[in-house]
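Take a look at the structure below.
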Amino acid sequence: MINSRVATMPAAPQRAFASDNAAGAHPAVLDALLEANEGHALAYGSDRWTEEAHARFRDLFGPASEPFLVLNGTGANVMALATMVHPAECVVCTDWAHIAVDEAGAPERALGAKLLTLPSPGAKLVPEQLTALAHLQGVQHHAQPGVVSITQSTELGTLYTADEVAALCDTAHRMGMLVHLDGARIANATAALGGTHAALRSFTVDAGVDVVSFGGTKAGLMGGEAVVYLDPALATRAKYVRKMVNQLPSKMRFVAAQFNALLHDDLWIRGAQQANGTAEYMYEQTRSIPGVSYDHAPQVNSLFPVLPAEAIAPLCEWCFFWDWDVSRNQVRWMTAWDTTTDDVDRFVAGVRHLLG
Amino acid sequence: MINSRVATMPAAPQRAFASDNAAGAHPAVLDALLEANEGHALAYGSDRWTEEAHARFRDLFGPASEPFLVLNGTGANVMALATMVHPAECVVCTDWAHIAVDEAGAPERALGAKLLTLPSPGAKLVPEQLTALAHLQGVQHHAQPGVVSITQSTELGTLYTADEVAALCDTAHRMGMLVHLDGARIANATAALGGTHAALRSFTVDAGVDVVSFGGTKAGLMGGEAVVYLDPALATRAKYVRKMVNQLPSKMRFVAAQFNALLHDDLWIRGAQQANGTAEYMYEQTRSIPGVSYDHAPQVNSLFPVLPAEAIAPLCEWCFFWDWDVSRNQVRWMTAWDTTTDDVDRFVAGVRHLLG
Amino acid sequence: MINSRVATMPAAPQRAFASDNAAGAHPAVLDALLEANEGHALAYGSDRWTEEAHARFRDLFGPASEPFLVLNGTGANVMALATMVHPAECVVCTDWAHIAVDEAGAPERALGAKLLTLPSPGAKLVPEQLTALAHLQGVQHHAQPGVVSITQSTELGTLYTADEVAALCDTAHRMGMLVHLDGARIANATAALGGTHAALRSFTVDAGVDVVSFGGTKAGLMGGEAVVYLDPALATRAKYVRKMVNQLPSKMRFVAAQFNALLHDDLWIRGAQQANGTAEYMYEQTRSIPGVSYDHAPQVNSLFPVLPAEAIAPLCEWCFFWDWDVSRNQVRWMTAWDTTTDDVDRFVAGVRHLLG
Amino acid sequence: MINSRVATMPAAPQRAFASDNAAGAHPAVLDALLEANEGHALAYGSDRWTEEAHARFRDLFGPASEPFLVLNGTGANVMALATMVHPAECVVCTDWAHIAVDEAGAPERALGAKLLTLPSPGAKLVPEQLTALAHLQGVQHHAQPGVVSITQSTELGTLYTADEVAALCDTAHRMGMLVHLDGARIANATAALGGTHAALRSFTVDAGVDVVSFGGTKAGLMGGEAVVYLDPALATRAKYVRKMVNQLPSKMRFVAAQFNALLHDDLWIRGAQQANGTAEYMYEQTRSIPGVSYDHAPQVNSLFPVLPAEAIAPLCEWCFFWDWDVSRNQVRWMTAWDTTTDDVDRFVAGVRHLLG
């Protein structure tokens, strides 16, 4: 049945749903690059674009915060953690954490430290999981829990509320641990939790997070991230550590200029609202299609539908997306800052057509 | 005397002589970025721009070579070395080597290995320095010499001839060591040694070098480098190691597109010829100015003049450059791909004016 | 009730049941130390005792095997793994593995590599857990499974049969992985599986294990372990790596002499038979005491009884042992090479007395 | 001529002059091991021998000091440094330093940090070498000088006076650096500088040293060293770090018991006085033998004579010692705690006989 319909699929959307890092850069980001490419400017951050970017981050996170521009997401996480973890400590995270699963052992290599992964059906930690680690503390045979790293929004497209983050921070701090937030998709989380600077601060600086990896690439840059120290005392060695983990951009003005465009007038939040909104729209348009089922609605920009087995390959060939849990025919559809409702409409039409 | 002339300095050049990484990106590189920013493309290298860049590198270094795009120069070096060095081995380099002096310990951190720095007045190694390490070999107390890393052109602006590189490679290989070439300024070296692909190959693949860090940033990119495995057997784990050292670009098409513009029609060589040529011109125009002295003529794009002590600060304030050896009033002037003879003329006019 | 009996406990055993590393050294080991302390001998292994120890290990594991004496168990494991794991690979082990839980992050620090811990109710891996890792292979984002490390006998006192080890080795090798066996209690395993050299070989060299950590300390030494390369190709850099992980004994003759005594006339197996036998005896004598329950009989020298909550503290104070799973009032009793049936009888009398 | 005399060499000494780690253990140390081998004792330091050893170290270094027993010298150094160095810092030492030359890269591996080796004809640093590093401080490209590690007595058998150590500590501390003292031969240094506890303290705690590696093995143990934190604030994570660098002894009582014997009644100082004294005696007996020349008298227990080239091999074959600087026919003769004047007399007789 499905096979017969493959030949007659409607026009595919202009943009597929593979990932938010399959999207390009926002035109405003490109304009900023062009503008920054005038003449010479000292390398490694001694330029006016970097100064502006630092000011923009301090506007977001408060005047005491210390931002550092870096090259990519793994680098941001590794740099942050390398300034937070002490010898013989471990980093506590979920078993879905990007740092644990998708960074090829970069943290263990750069930190020389264990990642202690805790089971987490929804890719979220709860304070009880931290208190359960108390038996490790003080015992010389065990790596000591030193840093908790959470991801917001998570690798499964879920969200911590501000209160949940605050509760984790409270528990962690009481136990003598620091808190890192991997914000590769912090824009999507901010958009989902209110879309304001106050929303951003509610689950970061106000909640007690110590250091944030602030994602720019998925939010619309060509490439660029930032490590923001909300506790500036932790930033003392940050500039050396950035270099030590290969994350000091040479012509830094070009990373800074991108961020200046993205942070201007909340472009980063508006892009994430677009991504989250089209995901929600996609969910609404597909949830009642026979053969499509979801465990839950999307909280940010990723959907994890279960599809009829025989539909996955042809649908994927028509408009690419990634498998998720092969054992149950679950796939991932992900929107980006540039996804349009037209893209969704065309995709949904294809799904409807194929599933009959 | 000098003070009185400070007030009447002529117009400064449009571009200063601080460093080649103070230059921006070539317009063709920007055009390529704009062109690549169309629609979605899979991340992490599964895109047509990366495919093209790989082909371009294989055109340069031969069909067996294996290129990998990365984010910055320290990252390129660390990635290359991490695939070359075995446990308990050390990396042999000069005491001027960027990896030893200017990377904040990144190699030691990522490799867990010693850098054995050898004295080198001109930032170059000679084969006898390698053979002198034979007493370390086989002794369990000593880190074993595993990799020789040379820089071309060097941190002091000097050059290895193709024969010199070949002799080092021969000696290293006979002793069981591999050879890495840090080519952060490989374009300048290529330009200086003939300006052809054959020139490039003469001191790399033909000379027996195993792995090259190919610099793009100083040659005219916004940011981007490549690690090229001339011995493809060493590339087996390279893609995982790239991720492990935080050097896998997310939206890789944007690194690739830059390289495609740079490698097209030898733009990288022409830019380096411009840099080297204006440095030579600057040398000729300043060498006979009273008070200016040089140890030797420039081989690529950096000059190291000794100046009257009292001239340095005002000259530097007028048109920025870096100190080099403060103890002897030596400074560094460096040209870039975009330096013009007009820039040099204006600068020389200022020097002449100030030194009277 | 119990409280009233505390005051009238019978005489405690001479040796408690805390751990096998609470035992001292066998008298023959001390005699060997005295004998070896004659005059001068070159350090770092250039002595006749080390030569003899190497020969003894080659007698056990075959003439191609390559033994290296080291200082302690964590060091043995780290040295072995450091010669086996490549950059960006991970070490696969159980979530009970000593390397993962009880070595304070030593492997991650020395290897710069991830430990991928798999759930294992009995502290044993099965081949299906390895094949389930195939989806990680070849994907640049994931640390690549490079080494499987199993423990024999395990941290939970369980045993792999020779066939089980062989099946794991087959699967691992087919997948391109190497196999390490943490034999901190290899003597107990050997004793339990037949008590012969053939038994030892059945689950090591014959099963396809690549590298063994051979435990001496728990088997009756003052201190000393060995790393034995069953695949001698892996030993190429072992002597340098041993030094690199702080495991080269200075006056090596004293480690060697201890092993020579332990390996002479199978003293190591006889000691382990004593430990295993008294554990079995203890199990038989206590299993039907009301209030004492076991999940299963001991396979080697550790018992994990569940006791009445109120009995644990007084019993422990009378004759020390460690808690195991506090949530279910489970404790650990462990015998050693020097445990006697009289020790067991006295302990059982105390248990009976206390539990009434 | 020499050849004809080889056949008629007198009787060789009972003990050769290869190294102080070619000596065995002092009989009192063996007695202590025998005494400690009674019954069971908890592992990992929860035993009365360890408690006593800690008290003995506190007697030496003051009640605030924090001692930790470890397994070997490289381990002691690595553990000490791992608790002292921060990310992106380097360890400053001489180019003769054991940590830089003779530990197979162990520090770089365990610390993930650069060792910055400074030239030092006599294996000693001077404060001016530290102040010359000020240009590295604060520059993000350079590993930051974090720890100075000096060796006392040095790898060349030289000594720092207490004032020299104090001056280094003052300079280091003023620059924000910590000071580690590698005391593999701290007994020889103590003996040479007065032979009292006050002498020991004069160049350690009184001079401002932060952490000491206290050598036991060369002083007469079978094997055992200690890391002593003179600044207890640095010891906060020491017990975990000790485990992380494979240096936590399992049956720690046996390391502790050895130290208890060695530290009792200043046995360690008396043994070092014997070593130093016989070296001095050897110097006096050989300095005027034609063909033997010295650069200077020994300060502790090693002599570096230049010999006639043709005499070295036969002398060495008769009574083993190591080459030192082959290019100038320089060798090393080293005494130990158990060297007797009779050993020296016999050796000198052989030298005289051979050199005619």
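Should a chain be cited, it is by its letter among A, B, C and D, assigned in written order, with residues numbered from 1 in that chain.
Going forward, a contact is a pair of C-beta atoms (placed from the backbone, for glycine too) under 8 Å apart; a residue touches a chain by one contact, two chains touch by 3 or more.
Just so it is clear, the model here is predicted, and its values are computed rather than measured.
With contact taken as defined at the outset, chain A and chain B are each touched by C, D.
The interface holding more C-beta pairs in contact, when A-D is weighed against C-D, is C-D.
Taking the mean Cα position of each chain as its centre, A sits at the greatest distance from chain D. Mean C-alpha positions place chain B and chain D at a centre distance of 42 Å. Chain A and chain D have centres, each the mean of its CA atoms, that are 51 Å apart. Mean C-alpha positions place chain C and chain D at a centre distance of 33 Å.
In chain D, the residues touching two or more other chains are 87-89, 103-105, 109-110, 112, 140-144, 240-241, 243-244, 248.
Within the complex formed with chain B, the chain D residues making contact are 87-90, 100-105, 108-109, 111-115, 117, 140-144.
Residue ranges of chain D in contact with chain C, taken from their complex: 14-16, 18-19, 21-25, 30, 33-34, 36-43, 71-75, 78, 103-106, 109-110, 217-218, 222-223, 240-241, 243-251, 254-255, 320, 336.
The touching residues of chain B, counted against chain C in their complex, run 44, 82-83, 86-89, 110, 112, 140-144, 237, 239-244, 248.
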